[in-house]
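Take a look at the structure set out below.
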């Protein structure tokens, strides 16, 4: 028996029919064609399927699609603003923080959830926050550097914006 | 194909009535980080998911008479982000902040962790030593049960068919008290505990003597254990390595673990003593920090 | 004259030597000459016109392309086990 | 940090953004499971719950009756295939074995062995149908450990005899192969030895652990054309394996490689590709098959568990005199462990005058192994490098200086007998010795520093590319090496260097098996080396053609012109010149175009050495080992894109850390892997490792136009031993078994039963 679900994905209203047994991951990938979230383990142990649900980082394999009714979902497809990459995406490219790339969407979504809350997160905090995301290619070194770099970039932008704001105020 | 139904009741009464209607094929869905996976992997047959997250009472964090009422579906992240909880129940934060990764903590609740009744559940020893009470609702009304009596076997809890956990009630922390939780895992995150342990202590006003204590240990028996004689070994004794060792030895003696891919019998008994020592020391430190 | 490195398990066919020098313009000819010096060795390595499964023949450090491959006077032929699950040299 | 001077390049050695980067950071890149075709069915596999069992019958009638089920396949649907040697990517083996591994026939040889598969309208229907298939098994005793399997009374997996170059054994056994390497005079060598160390070691099976589970989609048209989309390290390899197993001409099979979410050697064999094809033929619809994580652990190739014994002798002043090694590797259910590579690599870093190595390939009731990053070498190095460490300690030598004294160098006997050409082991040892890390003090009661070296051959094999110009002065680079870690860019950079243009002006694309010349697998650290050579060849071909075109345009003879700095220039009159971009424009204006090709068998492979330094701290109460600091030096020949070279080193090290400390296939007695999930298999997380300091040493490979050596594999060779040596220094106890889990450390070191 399919359930009608009205939700918001990457700021767009979305209506869909989901079977109660279907995970959010399955519906994102198979029904909505949003294949950026990946299935690595399907039991909450690798983070490849990460999305942000009402501001919180979750494994979309551990959420039923029917649960997201009335909620806000952000997937990797919603991280860039149009053609402008998010600082995390830019830093992942600059720092060579991906090899095969399968875990990359999950890492970027997870890191976004961190930096949205704590742009000043240090290495220890980044490593702790990302421990639910497995990467088998990079050894994490360049990923951690990319996230730290993106945090610095975001802090810079924020302070530039606020400085400009003050200047305009004069 | 087998049909699966999803229900999202708005009140405890409604939830209890659908649970009663569907019997053992219904399962409460809170954070879902265990039950969704168990259902997917065929470890649990679920025909009806009863999502209790739309019920205000299961999502509440409320202070009452200095104690804390934690809705059964409140996710770990909401608990450890609450600075008042962090200052009054640091042991609870020890647990909530290491259940799974961030992604799990966004969803997983202490209530769910308790209901899952894993011998290794990382919040259960803490809830036990903090003296938490499980608030249970059923068709015939409410009842309360100490958390140490809640788990009855691996994966089995004391809920009767048609009952659900509504909340956990934590008594107010006493003056000169402190508590702590630690687990041992081979990695630094994302593992099931090989052994875990929690202690709470109440010290004398000068901080030199144990007035009372509680010790609980997990992953070493079919259910997390409240080790009464270890608690007794603290009572009235001076705070010393010797006292701590005596209690820790009793924790290890109470352990009756198995050998599996996560650890061996000897390893788990050994770790029970190591972790007991560590959490007693940490609880003492916290108690002294909190001296009136 | 090409030098053939003899695998240890075949050295008893060659009087214990680990290297045998033979004439031959091609690898095939070298194996014929080798078989005259060490009777029976050809059949251990070759199965008619091809190298037996599980064996790799190298000429001057590179995997042999064919038995008709020509040899230089100072060429070296190595008979090595193929690398299951691994990599050719 | 980059050591050693090298030639000046314009593009090589820079760090451009990878060409496929944006697709991969935005979620657009299409991996194996992302394929969606019109009318596509979803298929899942039924797997043996027993480690060793006769399959007496399979009844799928109830499954077929379930609404939504469109086809079922069992071993009976597969053609009988000859026992020929097939292109197995990085392995060599029999097609019959490979076919039986893809779908069991009369016998299931490991838990997880595929016995049937169902295609249905949804995954959930397919899964429900699997439960309705009735298989009648007769369970047989299983043998799981390599030494048990070698016993004369062990249950036999196959009625096969032990093969060696000297012939076959008389009796069937589980020992598939015996290799031997011998040189010098062993007795004499040990006679000269003043210190001798002899130890035995065991390792368990471990998995590559790529994050993307296998996924394959197939169509089988009524004209007989088969198309397979799959996540693989080698589209051409999959094509030959699939055509062999399906008994279809190779021309009927097209393989389209998707993006690949990690492989490390494990995606070089067919698993579901032929199954999906047969289901597609039976159902008349496209069929997508995926594995879940448990299936990946139980049903695809890990690398071998092993038993290794090494005896080594040295003089008091620290010169090695003799080594004797015995290696037995688990092949899994079918022959083909990487024991030979283990046998040849572990002695390669050293000049050993007298040596005898015996190597045995042994079948056991566990998954058939596949290649895993430097296959066979890490386990052997785990053993050898600890024995070397112990000898160094006994003669009172610094472990790096001991290695330096005995190091292989140009002219030393190489693996297989021929002397090494230019190699960089000594340079790696010196870089490690002079590193800030090695010079820094390490204090604390349960801390220790360990070092170890490693060697990997690297591979050449076949590569083909096509290069064509565009009117705007960019070039298309068409290649067939699936890109697991940035090789589109490392190839584009070599082409850019050859043509004197920028990396961004090269547009690399990985295409299917119908669209480019033959390419062997992305494996053996060969792509940047061998496909790089093909790219260089195509670039030089392009340069010749451009000179000819420019000659026409200038009214000059081709001999009067040369290609220099991205332009065709008149040798005596430099005012006559066309930049690459101008030439492209002019050629198209004249209604012409230029296409160049490169196709090579990669000769001149340069072996790679690495030396690692690691500091650990051992918690004496819990047995847990923490990695405090890690430095990896490695001779990479020439670093084309240093950031991705560092990435390969860092990734290999962390896989090695996982193998050393926690990863293992943990079996119960009947042969079930009890930890077949990412939860319990325990690969390292970001919180388990420090930053990994990669020290790039560049000793250019004389066999490659830009001096490239493969870099991907050797970084996983030293970590196991380096960590074991560090744990020894921290605790005083030698670790002879992997993994060095907290439980093992407590048991070996702190008196736990």
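As written, the chain order gives the labels A, B, C and D, with residue 1 at the start of each chain.
Basically, a residue touches a chain if its C-beta (ideal position, glycine included) is under 8 Å from a C-beta of that chain, and two chains touch if they have at least 3 such contacts.
The model shown is predicted, which means the values in this text are computed figures rather than measured ones.
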item: Contact-richer chain pair [A-D vs A-B]; value: A-D
item: Inter-chain centre distance, chain A versus chain D - centres from mean C-alpha coordinates, in Å; value: 30
item: Whole-Å gap separating chain C and chain D, where each centre is the average of the chain's CA atoms; value: 28
item: Computed distance of Cα centres, chain C from chain A, in Å; value: 58
item: Shared-contact residues (touching 2 or more other chains) in chain B; value: 188-190
item: Residues within chain A bordering two or more other chains; value: 19, 21, 42-43, 45, 128, 131-133
item: Multi-partner residues of chain D (each touching 2 or more other chains); value: 124, 679, 684-685, 687
item: Set of all touching chain pairs, with the criterion as stated earlier; value: A-B, A-D, B-D, C-D
item: In the complex, chain D residues that touch chain C; value: 85, 90-94, 163-167, 177-183, 303-304, 331, 335-341, 344, 356, 361, 369-371, 375-376, 415-418, 457-461, 523-524, 601, 603-605
item: Complex contact set, residues of chain A against chain D; value: 19, 21, 26, 29-30, 33-43, 45-46, 48, 75-77, 79-80, 85, 88-89, 92-96, 98-105, 108, 126-128, 130-144
item: Residues on chain C engaged by chain D in the complex (per definition of touch); value: 5, 7-11, 18, 44-45, 53-55, 58, 61-62, 65, 76, 78-89
item: Complex interface listing, chain D residues touching chain B; value: 66-68, 124-125, 128, 621-624, 661-662, 666, 674-675, 679-680, 682, 684-685, 687-688, 741-743, 746-747, 752-753
item: Chain B residues within the chain D interface of the complex; value: 1-2, 184, 186-192, 194, 260-264, 266-267, 270-271, 274
